[in-house]
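What follows is one structure encoded as structure tokens, with my remarks underneath.
Think of it as A, B, C, D and E in the order they're written, each chain with its own count starting at 1.
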């Protein structure tokens, strides 16, 4: 077993474990912390792929922006206690069963569909440096890139719309 | 392509209008702008081609559907002014979001690259989440927004997974490249898994059984205009996109795939119609009716010839009927806690014109001749018989029969009961929209050729 | 540059991502706390992102990584909107338990 | 002038009536209906002189559909029946005050428009559209202007609508299937196809559902009595006088020539069903307490006989069917109008609350009696001509059919005379029966004149319809022999 | 000329009808009566012209008007045939019709609806003429049903009384039962021979010898006979005729004695060529006729209503006529029809005169002793009674004797039963006479005070008819029958060998006369000698009760046909309709119910929705990739 493989398994274990913990933690704050760890481990995967730029962006966006947003909201709502009421056994059972089912089905499907990978293509060229990514993003993917701004604009407008208090009501 | 740019520009313009305190001008300017864009869009019918590294493809399909979306958006924007009368400060946001939503829809039908598709559907979805929850002091609206958001983003995840698998199998997001790869090389089975994920995600957006559960709740809770947007615009956009995806990515349909479509269509038709029978809330009923129509539209995927035309016709018929329906419903249920059928009591006597329009749109959706809904069903069934899925045809017929039961509940309420309260004066804009939609409806019925041959 | 997949194998990544994705699904089904459900959805998106990068390497192609950017943008936008909705629900009902949201049914 | 003018005219009339306002509505409606009668006579004249009055235009290119209106003896007869009866029906309603009468009369004219369209269409798709279209106005007429308990009425009318719609949708499927085979729905093209036994069976069945419900043939008749009773009389007249004939006409025009094998194979069952309807309708009518329901069941019996005749696939059967359709149209309108005249005065439909009318109004009694006698097919009335021909054709199919169906002349006499006795005769009723007005008299007189004239001299109608029917029979036989 | 005159003959009554319907009320009673009577008289004169014509050249006159009903194989025209049979029928229809109209002028004078009465009577004559002169079965059928209609109208003339209306309805419906038979018969004939014209039918039947083996022919004959049964009141369809006495008496005389009820005999005679080929049907006809004769006569023995007695007598006499028809002696039947028309019309009119005098009293128990007050009525009725009883030399003697003689040669049993019926006839007729005219008046003083002989408009027809009843036998004396020769062309071959006046004939005549005298004797001893008066209804017992209640036939019909029919109707209306309709509604209800249950699934919980979503995904994947 190569080192890489060991690192991969290690990272994967962390990823899955933290993801799982995120879900079953009763305290939302804990969940958020676990999730951050999970994101970091995913970033680790990215680094494994030698996609440094992406790893950094990932950490900035997810751990930096999204998670902060989450934590901010949790604190805003004062949700750091274990506020969730006791769920029905049936719900839990259903969730667990469907998780098992989905996992089984998906894995089975992919195992069945997995092609025999004898060799992996190695282009030898640089395909994921910032330079290349920038070129692709701003040449080929210029339109989606611009269109993503529309998306963000809409999201921004929406958040404002949802949060702004009407003048008439005051 | 330029349509997309123009629409985005128009959205920004409507935002700017708020800054310059030109609130009153927003709706008219937007409508005029949209009309101009519509004209422009139609003119691109003669300049078909791919733009920007094949990110956007302008073909007959995209032009025709974009035009339809623009027309519907014009109706929706026209209704906005009256609908948001109490929230004057937010009108620019609402109009702006609707225009951006239109941009998303245009991206969805004219994409040449899955990234555009994904962004388009996200623009659409996020706009709708916002619009659904936009009545922020109303818990029902919040709930609708929340439900839609949770399930919608779940579906987005699935769509994303699908795209990812397609990419994994073919190494590209570009439709042409993908087609090239799958027709020339061996590729992993992931591809089909990806297609199915995409299909499921889109079926969710269209609201077909068993991915339909969100629709009734969200339709009921959302503000009426949003419901109108979701039912008339979002549904047909998603359907058109799904059609385009399936046609582009799955040149040869397997029997098993068809069987799934058939099952979904049958389940949607039957369940939608049966569930609608017992509904007392008009919007909720319309949601179920929409589910059954989704069943009809989904079956266009099976057609061997003339499918796009049929879909376009069906979508147009459904949309114009929906718009007219909501124009009236919005007027009747304004200031009411619930949009129950009782609200329509005696409507036939007090407002013969609007009642007539509502009746006509209901009849259209029920598939009664001379109204476009009938022709839509006829063309669809006509093609369906050809495919050999006679079961589907029979089920479609039976579900049409069931549907009469609930459509006529409203008609009965309008014409046989006496009203308990008086309604305010009819806003002019509602009336205009309703009348124009009805005229379009009848015109589509009388001259089906116009729409039916657009896509060759 | 060597292809890392030669040593790890694409299938491992696929299984990892699938399981991660399923954990996300599980979270959505299992929890009734809206924030945790959002987080679960983020996990799902992350699983896909990871797979994108894996495929990107698999194909030695930058497009997959570019797509991850879009996916991140979408995730951010969604979370923003979702949280905004959540906040307004919280303001109205002082609860973020989605089991309380059962006014619309039938 | 081609026939499309009549359609346009009626449609325009409906619109004009609506905009004429409540006061003028009935006059305008009558004007347009009379004008359409004139138009029909003009077309008849053209037809007799061999001038082509057809109208054919492309409508939808893909699928390939036409707006095709064709005139032959059969459709012309039905056209005349519709326009004349519509005029009579509109005129007969002059004694009533309807709320919102502009809509009412507009709907009546619109219905006439749809029915005329059904009779004239030569493209199955167009035909289907008109067929469905005719449902809408009658639905509203029955629903809004009907009588009796509103909830009950709603139930009955909705049932009627869904029921008939259900049937006709299956017919649509049949047409779609045919279209896939032929590539056109023009009647000429449909007549030329050769279908396999199996196909014919299914197509016949699908069409049969539509027609059996419309006509109605038992056991698809349950909508009928309730709707007849609950509709305003104008609606009942339209339904029973003309709309039922749509079903019968369609059997002759569409069902039999397209699927003759199936018709031939299942002839016994079809005739048996229809004949069962004759006996059953008559039997149920015996004990009816509501005059309109009684007439409804009598109508069931009569149309059963017509359907039975049509399904014999013989020229006699078809000709008898058409003659009887026309005769029955007039008679049933007259009978329902008589019921309406009584209801206007007594405000009831219950037979037990009537009686003693003859003492008070002899004229009305006599006219009612003549129409009643026509309905029991007294020789010398138009109905006898039809009924005789029908029974004769049934006889040539099987003597037992003729005997069983013939019981209608006994049972018909039983329930009709019983009804007449309890409604008209006996000691003076406590309620006052005001003498009938001139308008009402005119309606009766017109109907009676038609019934008696054609009863003795049916030749004009026979000559009109025979060539068209011969063509249909020839087509059926050609298919059967090939 | 012939055509126009025939049209006059046909349309004159119709004109009378139209006049009386539309103008009668304003015109005044004298004019009503005058027009009504005159229109018939015109027909009568026209008939005499044709009679003279046919006497001179013996050629039937065929008049074609226009095409009526067209069928695939043949057309039915409006056409008329004036031949020996129709003319002789017309003669007594219009002749007696005129007399009865005359009579009615006085009889109905006090009725407010006199114009209607005359209108109906005229209409009746019109239809009767149509029936008689139609040259094919279908035109005859117009008249056939038309006279039924008039009968209905006239029985229910006093429409305020629902019992009368019931009687009218019964008459019409029973006739219709027969009519169905007739129609079926017509269908069969049309189907077999592609024509309904008498002449062509006859040639068709005679020309085609294969047809003899065709059972349809017998069935056709049977069907026609059923039709005749309805119209001519034979078992089992006779019960309407006694009830039909609810109508005014002139109606009973004209329609229910002289003319309409003989339509069946007319039709059978018309179609003799068919019946000749159907011996079984002839047998049935003879048997039915005989049974009817004896049953009706036996009922007549105990009836107390003067008109009921006459009605049963009519049924009985009609039975005898059918006996003759069944034996193939058509001309004998015709002979009896004619004589019967004379004396029965006279009897009815006489009874009408009595009823008139008693202001509507019809129960013989309340009569008596009218001989002195109403001598003309008495004597005319006496002559007719003698005629019907078969006393030499009155008309009835000759005709009845011919029938019995034919029966004797045909079948002894029939002859015996027929003779018994004749004896009964003699008995009940004299019972009628004794109870009505002899002894003391048994009615109220009020009635007694007003007793009077009827006015001359009533008595003149009585006298004429009595005269005819007396001498009517002359037209067909045994051995030298004018009637037989006159009708001979009709029957192709001479119907049956004429009876020579041999020993048997004289013996038979003697037996008949003695029988009649016995009957009269019994009546005399019972009602004159012993001075009996029939008992109160409630006291009647034993056989008499059965007879008095007409063998309970009406009740039996009610029990086995009418009531079950209504029960079935009720059952259909209540259960079958509900069930079928319930099935349709049930489908709707089930669908609705599914919808209601479905609402429970849509419970608002996102968890459930997502769960369904995931399950959907799983099932699709399992189906697509794992199966």
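One rule holds for everything that comes next: contacts are C-beta pairs under 8 Å (C-beta built on N, C-alpha and C of every residue); 3 or more make two chains touch, one makes a residue touch a chain.
Molecules present, by chain and UniProt name: A = NADH-quinone oxidoreductase subunit J; B = NADH-quinone oxidoreductase subunit N; C = NADH-quinone oxidoreductase subunit K; D = NADH dehydrogenase subunit M; E = NADH dehydrogenase subunit L.
Predicted, not measured: the structure shown is a model, and the values here were computed from it.
S.K.: What chains touch chain A and also chain B?
M.R.: Common neighbours, chain A/chain B: C, E.
S.K.: Give me the chains shared as neighbours by chain B and chain E (NADH dehydrogenase subunit L).
M.R.: A, C, D
S.K.: Would you mind checking which chain's mean C-alpha position lies nearest the centre of all protein C-alpha atoms?
M.R.: D
S.K.: Compute the centre of every chain as the mean of its C-alpha atoms, then state which one is farthest from the centre of chain C.
M.R.: That would be chain E.
S.K.: Using the touch rule from the top, work out which pair, A-E or A-C, shares more C-beta pairs.
M.R.: Of the two interfaces, A-E and A-C, more C-beta pairs touch across A-C.
S.K.: Farthest chain from chain B, comparing Cα centres?
M.R.: E
S.K.: Can you compute the centre-to-centre distance for chain A and chain D (NADH dehydrogenase subunit M), using the mean CA position of each chain? Integer Å is fine.
M.R.: Roughly 71 Å separates the two chain centres.
S.K.: Could you give the separation in Å between the centres of chain B and chain C, each centre being the mean of its C-alpha atoms?
M.R.: 27
S.K.: Distance from the CA centroid of chain C to that of chain E (NADH dehydrogenase subunit L), rounded to the nearest Å?
M.R.: Result: the chain centres lie 98 Å from each other.
S.K.: State, to the nearest whole Å, the distance from the C-alpha centre of chain D (NADH dehydrogenase subunit M) to the C-alpha centre of chain E (NADH dehydrogenase subunit L).
M.R.: Their C-alpha centroids are separated by 37 Å.
S.K.: Would you mind listing the residues of chain C that make contact with two or more other chains?
M.R.: Where chain C meets two or more other chains at a single residue, that happens at 14, 21, 24-25, 28-29, 32, 54, 58-59, 61, 63, 66, 70, 74, 77-78, 81, 84-86, 88, 98-99, 101, 103-106.
S.K.: Where in chain B do residues touch at least two different other chains?
M.R.: Touching at least two other chains: 115, 119, 122, 126, 129-130, 133, 136-137, 146-147, 150, 154, 189, 192-193, 216-217, 405.
S.K.: For chain D (NADH dehydrogenase subunit M), write out the residues touching at least two other chains, lowest number first.
M.R.: In chain D (NADH dehydrogenase subunit M), the residues touching two or more other chains are 162.
S.K.: Let me know each pair of chains that touch one another.
M.R.: Those chain pairs satisfying the definition are A-B, A-C, A-E, B-C, B-D, B-E, C-E, D-E.
S.K.: Can you tell me which positions in chain C touch chain B when the two form their complex?
M.R.: Chain C residues touching chain B: 14, 21, 24-25, 28, 34, 37, 41, 44-45, 47-48, 51-52, 54-55, 58-59, 61, 63-64, 66-67, 70-71, 74, 77-78, 81-82, 84-86, 88-89, 91-93, 98, 101, 103-106.
S.K.: Mind listing the chain D (NADH dehydrogenase subunit M) positions that touch chain E (NADH dehydrogenase subunit L) in their complex?
M.R.: Those residues of chain D (NADH dehydrogenase subunit M) that touch chain E (NADH dehydrogenase subunit L) are 159, 162-163, 218-219, 221-223, 225, 280, 283-288, 314-316, 319, 356, 358-359, 366, 373, 378-380, 385, 388-389, 391-392, 395-396, 399, 402-403, 406-407, 409-410, 413-414, 417-418, 421, 425-428, 456-459, 462, 466.
S.K.: So in the complex, the part of chain D (NADH dehydrogenase subunit M) that touches chain B is made up of which residues?
M.R.: 59-63, 100, 103, 125, 128-130, 132-133, 135-136, 140, 143-144, 150, 153-154, 158, 161-162, 165-166, 169-170, 172-173, 176-177, 179-180
S.K.: Spell out the part of chain E (NADH dehydrogenase subunit L) that touches chain A in their complex, as residue ranges.
M.R.: Checking each residue of chain E (NADH dehydrogenase subunit L) against chain A gives 607, 611, 614-615, 617-618, 621-622, 625-626.
S.K.: Touching residues of chain B toward chain A in the complex: what are they?
M.R.: For this pair, the touching residues of chain B are 1, 4, 8, 11, 15, 51-53, 55-56, 86-90, 93-94, 96-97, 100-101, 103-104, 107, 113, 115-116, 119-120, 122-123, 126-127, 129-130, 133-134, 136-137, 188-190, 192-193.
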